[in-house]
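Take a look at these structures.
Okay, so chain A shows up in both of these, paired with chain B first and chain C after.
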Partner chain A sequence: MTTPTHSYPGPAGGPGGGDPAGGPGGADPGAPDLLGPGQPRDMDEPPKGGSFLGYLLRKLGGALTSMILVVVLGFFAFRMLPGDPVLKIAKERPMSPAQIAELRSQYGLDKPVIVQFWDYLVGIFTGDLGESYVYRKPVSALIVDYLGPTLLLTATAAVIAIGLGLWLGQLSAWRRNSLFDKVASSTSLVFWSVPTFWLGLILLMIFGGTLQWLPTGGMITPGLDPWSFAGIIDVIKHLILPVITMVAVVYAQFLMVMRASLIEEMSEDYLTTARAKGLTEDEVRKKHAVPNALLPTVTVVFMHIGGLIAGAVTVEAVFSWPGLGKLTFEAISGPDLPLLQGTFVVFSAIIIVMNLAADIVYRFLDPRVRRA
Partner chain B sequence: MFVRHKLRRRLGKYLAGVAAMALVTGVATAPAQAETTEAADDSKVLRIATDGFIDSFNPFTSFYLLPTNSFRYMYENLVNNSAEDAQVTEGLATEWDTDSAGKVWTYKMRPDMKWSDDEPLTSKDVAWTYNQMMEKDELSVANGGLVENFDKVETPDDQTVVITLKKPQSNNPGQEIPVVPEHVWSKIDKPGVFKNDKKSVGSGPFQLESYEANKSVTLKANPNFWRGAPKIDEIQYRYYTNSDAQVQAIRSGEVDFITGLTPEQFKAIEGADNVETNVGNGRRFQGISINPGVADAKNNEFGTGNKALKDKKVRQAIRAGIDVDTLRKQVMQDYAQPATSFIPSVYEKWALPADNPVVSGFDVDKAKKLLDEAGWKEGSDGIREKDGKKLELRFLTDSDATVEQNTAKFLEPWMKDIGIKLKNEASDVDTVSERTTKGDYDMYYSGWSINPDPDYQLGINTCDSRPDADGNGGTSQDGYCNKEFDKLYKAQHTELDEKKRVDLVHQALAQHYEDTPSVTLWYPNQLEAYRSDRFTGFTKQPTDGGIIANQVGYWGYSSVEPAKADDASGQGGGMGAGGWIGIAVAAIVVIGGGGFLLNRRKKSEDRE
Partner chain C sequence: MTDLSFDKVSITYRSASARGDVVAVSDISLDLPTGATLGIAGESGSGKSTLIMSVLRLLPKSAQIDGQVRLGGNDIKDLSFGEIRAVRWAQASIVFQGALHSLNPVREVGGQIIEALEHHAKGTWTNPAKRRDRMFELLREVDLDPSKAVAYPHELSGGQKQRIMIAMALACEPDIIIADEPTTALDVIVQKQILQGLAKLVAERGISLLMISHDLAVLSAVCENLAIMRFGKLVEYGPSDRVCLDPAEDYTKQLAGAFPQIGDPESRMNPRTLKPAEVRRAEPFTKTSEVVLEAKNLNVSFDTRQGRERAVRNVNLALHKAEILAVVGQSGSGKTTLARSLLGLQEVDPGSQMEFAGKALPRKAKALRTFRRQVQMILQDPSGSLNPKRSVYEAVVEGLRVQKITDDEYARVVGALEAAELTPAADYLESIPQELSGGQRQRVVIAGALALDPQVLIADEPVASLDASVRGEILSLFLALKKNLGMSALIITHDLGLAWNIADTVAVMKKGEIVEYGDVDTVLANPQHAYTQELLAAVPRLGSQSLVRNE
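And then the complex of A and B:
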């Protein structure tokens, strides 16, 4: 069992090393089928190596297709939305037709849609996502600016949610149908079903408004240097409520996945062997069952990380967290078309990349998929 | 093995404990520190919650509410609008005069004024600002409409500005245009894209100190302000995306002023400690726009409006069928002023008086009679018919706006009473705006913010404000067109005798009322709250029962002063170590602790 597992990364490293060559080859649809079986370097491994490369290319191709769809959809979906950004600005505000026309030309909305689409495509490939109507800044610069706070929030929440979910999940599985299992699983599912917005507001009302223990919004008290000691503590204070909200709402999925996959492992014979060796229940669980049950869980975790970032939209809106989610939320009511397109493409790209990573990691981690 | 296992678990517990302690103590000591750094000048910093968009602080290009509100505090205009009744009062100019035709306006400026950087402020700055807007398209984005009628601007001396107009106008042309310092702005390469987002130089009571997108905006008091330096040091806008969060923030004392509350939020906060509330009579109106048969400038009709509404009597019947007073009390919970026409009652002089003979009330019999006269006869199901067609109307509303949805709920049975079938078409606000632009509506819920001079709003009710044949350039309020109204508009536009002008404006409003292209429901109150333990002395506009935020002018915050020190001692915001330990305990119990305890109990079972 161990030997193939260890030897595998070697040959896999081979095609992996050849990957840069295979990568560009992937852009040419004819190449991949020939390349895999055409270069059987290792007599032992050809089907595996070939199938891995094929697998990789297939996944890459899928990701690429999704990405193209996202790019096209990003442009047309938001343009199909009702509402004219310029008219929206002109409403409730004294503006002459000349001013409205000037604004339209500044936004590039006076050009034909097909020209706008071409500009957008060229822009995407040159890394230029256009200029936000509201902020009057390049969208790519805005996204970079707001990515930091979002990553801080989501990474903190993700680490806690994953840790908590996996830990409670494996305990629940091990003591399936016990009181602990029932309490832990049902509590997590209750939080999972609670609307994020509502939970956030309730926490805000209790801990922010009434008890006044924690700040009611933002990331840092204006005027504090974020890198000073007081500043860091201030950021932590601002982090507590949004992180609790995010964790409470998502940790159930990790708990459930971990619980299910561990329960599956529990009927395996090797656990009986382990017990026969005289290991304690805790040792059987920690050293044998959990590591094996972790494999499928890890891929699920990867797939959810992308979703977590997108899920920050609501939490950021409730807690006025100056991140990407808030940026998107406000862009919708703009409607700030370039900013919406930009965040949509970036969010989608993150999810696509994460799913791709999950596919690849899954293949490396799980021997069953590898052999299949 | 067992011992090692136990030891490991103990070690784990120990480490977790240390981490928890570190968190608790670290967090517990922090507020004390944060407070000392802030407390130094905190009592003179007015903190205002906002969620406003900011593109820049460039007064030539920005049109969002927060920047334009800030410009009123940053840049004095040639003439301002008073706190008492929002009518024209002295600004940079102390007196002004116009020739008999209203074509040449001459302003005398106050001598020896200074910009916030101590440079002298003269008529040259005024002329330079106006000329930039007249000459450069990219600088006319925000306020270009205000100088469209300017022919030339001259400065015979440092204290005199002469504006020559293309066509006479009675509305003082020196209003609402922020005057910027030439010595700063003439050195900027591309003034059209200049952000102006730190250390602004201006003439108003506060100057922009710094701006951090979606975090805060800081304005600093200007000691050179000609009315005298404000009594507070800074205004700090803090970002709260969510209005419920703003309410919590004023309860906890993290901000000192909030505005734009809903009646529910307002009632929830009324009893709060150290919070004072203000029901401000606002300068907005809300109403129901009725499609009178929208058409373009060449009278070609467009859209899908019900033909029945082209008949004035049907529109009048709709007005008579609405019990506005009940609606105002139920839907607005009385947080709105009774309305006549589209000029709100805070502009007492211009608003159509309630005792004007044209103003009529809720009258079901009259509504039925009007519909009878229009030829709509009651059918078997109570819905009126004419030529085999039933009188069915669509009412377009914003599905997110509670007020609009509730209005629709009241309107449906009321309209049924007079024989009109009303269908509420709730949609998102962007769809509503698009459909109304295309004329794809019968009735919709509309609202406008009105400036002190009625000229602009009257102007967008003239035939000329309708879109051109391509559907572009339309700014019309309701798609209304009546040559009589247009005549009255033109007459008041150039009437220099104020008494006569007021009369003309009333006539125009009465004509509009009579024609009923819209039913003005009410003038909503602006609901506001501030921390009375920290600040006093907010000035309202109008001073009697008016608003603090969103004024036309810089009165609201300029007169604010810190409350007495003994009042301020009880303020919240920080918390002791006890509270922090409480939080840590609560968090542990809620998320993991309960499970942990249960887990412990079960573990002993495992060991058997």
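And then the complex of A and C:
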């Protein structure tokens, strides 16, 4: 049996357990109590949970801090990239030193770094991410154009990969060491170890090339209205190969984490209670074991959704999908600094938002976190 | 009504591993007629849990049952899975150790009770409204406020969770209730309430009760008949008074003797054990007047959602050299917080004074490290306080390395293990915790503390998770450490018997305050404070179904 070598954060290490448990309540279950108004309380009854608003504000604060760090990093990291964008442009068409200097001042590259940084900050808060060197368009407009296709691709892939992974994972755990478990786990691990671009190219060659069942690239056949019926069918056809590629490569991690966490729950006493109550095995699994096993899984799933969006770069490049990934890929070859900065900030923001969403979902799933 | 009988039952766990098949239960015959109460006592590994789980066929697939387990005349082996599911909870239900993990942590407890009703409507609880009413009725029967129905298990105290388990077991009006260590991990007062409540509900309804426990006193306080099990075999069976007070078998005597009878001079300063720790000094140390650790006017407050609450209030304590002081109280009385404060692990309120050897307790990290060499802590659960992947040697040596004591490392470790009576020490050095018994693990934890030659041991419920016979061994070890090394110990416990067994002085804590403090002989023989009297009265006594009949 192969086990994944990745270490998955459990509930304690996940966003839910972000607060140290060493508070007074954690140290001694018996913080004393003055009798609550009207309601008799046991001496060692744990204190009631905190408000949702406080929890939300704390998590929002954390997300905001991460965002600020990303913005700062986004600026400085790209200044350290090798290659001078102006010289690169100058290489492509003959330019006089005066023209080069003018280009520099046009991009604001002749100003001191600190001034550039200030302009960048002001830009971010006013929604102006600068102008792309290559496309000669505002970066924010480019990102808006390319964000939709990326969200379509990754959201479809994420929903399928998570659904498939969790479903297979819980079945594998429940029938641990059965033939089903062995086949499901090892198949998923084979796909997990396949490079994304390689799988994409193979699928492209077979289904797009040899068999010619599906289109080989892009999102829609030029000339079709995306909102017409024929257009929607066409987009779906274009989606199939990239989605299969993305799902195949990532669903193993969802399967593995679900399997591991359900196996851990399977020896818990409350399952014996449920069985003793006369529940069928399916009811024990669905009503008791899986809801508990989902807790650590949710953390991992949300963390990986963020990663999935960033991971779209390869797939979009292979299938010429007009998304943020492709845009980033082209920006790197520039180097198109404003565009890179923009996509970097957007990708990071998506990941931060996903982690925030994980924290909030977790609080609803696990009543114990409501105390934090 | 339904009778339960075990007829020559043997249960074997088949296993492909090197250990081969394990016989958990062999040749047990027992009867539980309608309305009877039967207690099965035994230590861990005696097969008592395996036996009762066989009643509802809840054993893993690897268990093979020989003989007959008959429920209402039917051999449970002959029932189909559908039939056994119908029997589960409707005819026989189980009260698990609710204080631990027997309730689903992510579902409201009321819903978990209703779930049982949904599966066994019995023509009575046919719609959701009726089931809800029934659930509230059950909560009232176990003295819980109906508002607790929407609580999650972690929001309830141990006693409340156990009441939920009992309410759940009663839900479908079963004929038999099987109680699996229903009061383990609860303190004496809550234990008394739970046992009385359970016994009353069972008696009123004519339900038969089958209860298992490692605590003979608990069983004899509730059950008419007692069976003693050891290594899967039935050792003794009879009316509970006869078994407890006039046992025929040596093992029963040993089990009955392991629980101290408070007030019995024979067990004072003399925990019963077959393996008493050796006292090597001709003139053993006794309690002196030299104060080692002292707390004056100690207050500890926590900020909670309800505002600031004081967990420890105006506590004055003095621990003398070669004194064993027992701090006794219920869960939530603040005794653990007190212990943490004395170790400098807990921030205390301004104005609190704590002194070690006449000097104020240090606050700085470096000075605290030196202080902690002198005062060592021992925790309740030895399995949890040892790292499962580290050998005994590594577990014991860690304190030395933290304190940067490098000379004679090996000799110190061996010395500490021998002081904790793990002899010959060399045999244990390479073992990992999982290869040791519960008692041996606790000895390793104690050795880890002893390696630093501390002057004071602070132990938090050091024997609460141990079997009766091991309990005696460990208590005797504490007594020997005091006599041989002149060590002082502060022991946090909810067990008054422990104080009677080994302590010189006892402090009774309630809601953060010490309500009574003095010599064990005085306080326990002639308690002044009402709370001390209540605690003493709640301690189950051997025989006579004392908790059931006195009321």
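The rule we apply is simple: the second predicted complex is superposed on the first by the 287 of 372 C-alpha atoms of A that agree within 3 Å, B and C clash if a C-alpha of one lies under 4 Å from a C-alpha of the other, contacts with A are read in each partner's own complex, and residues count from 1 in each chain.
The rule is short, and it goes like this: a residue touches a chain if its C-beta (ideal position, glycine included) is under 8 Å from a C-beta of that chain, and two chains touch if they have at least 3 such contacts.
A quick note: this is a predicted structure, and the numbers were derived from the prediction, not measured.
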**Message:** In the overlaid three-chain picture, which partner chain does A:101 touch, first (chain B) or second (chain C), both, or neither?
**Reply:** first
**Message:** I'd like to know which partner A:276 touches here: chain B for first, chain C for second, both or neither.
**Reply:** second
**Request:** State whether A:127 touches chain B only (first), chain C only (second), both chains, or neither.
**Result:** neither
**Message:** Quick check for you: in the superposed arrangement, does A:295 touch first (chain B), second (chain C), both or neither?
**Reply:** second
**Message:** Contacts for A:268 in the overlay, against chain B (first) and chain C (second): which applies, first, second, both or neither?
**Reply:** second
**Message:** Going by the contact rule stated at the top, is it chain B or chain C that touches a larger number of residues on chain A?
**Reply:** B
**Request:** Classify the contacts of A:171 with the two partner chains as first (chain B alone), second (chain C alone), both, or neither.
**Result:** first
**Request:** Report, in rising order, the residues of chain A that make contact with chain B in one complex and with chain C in the other.
**Result:** 280
**Item:** Parts of chain A lying in touch with chain B, wherever the complex brings them together
**Value:** 81-84, 87-103, 106, 133-136, 145-146, 164, 167-168, 171, 175, 178-180, 183-184, 187, 201, 204-205, 207-224, 229-230, 233-234, 236-237, 240, 244, 247-248, 280-283, 316-320, 322, 326-327, 329-330, 334-335
**Item:** chain C residues within the chain A interface of the complex
**Value:** 53, 56, 58, 85-90, 93-94, 96-97, 100-107, 115-116, 119-120, 145, 147, 152, 154-160, 168, 190, 302-306, 309-311, 330-334, 336-337, 340, 346, 511-512
**Message:** Looking at the complex, which residues from chain A come into contact with chain C?
**Reply:** 24-25, 27-34, 36, 39-40, 42-50, 268-270, 272-280, 287-288, 291-292, 295, 365-368, 371
**In the complex, chain B residues that touch chain A** = 1-2, 5, 26-27, 29-31, 33-34, 37-38, 51, 53-56, 63-64, 137-138, 140-142, 144-145, 148, 193, 195, 212-216, 218, 236, 238-242, 244-245, 247-249, 251-254, 428-431, 433-435, 437, 447-449, 451, 456, 472-475, 572-573, 575, 579-580, 582-583, 587, 591-592, 594-595, 598-599, 601-603, 606-607
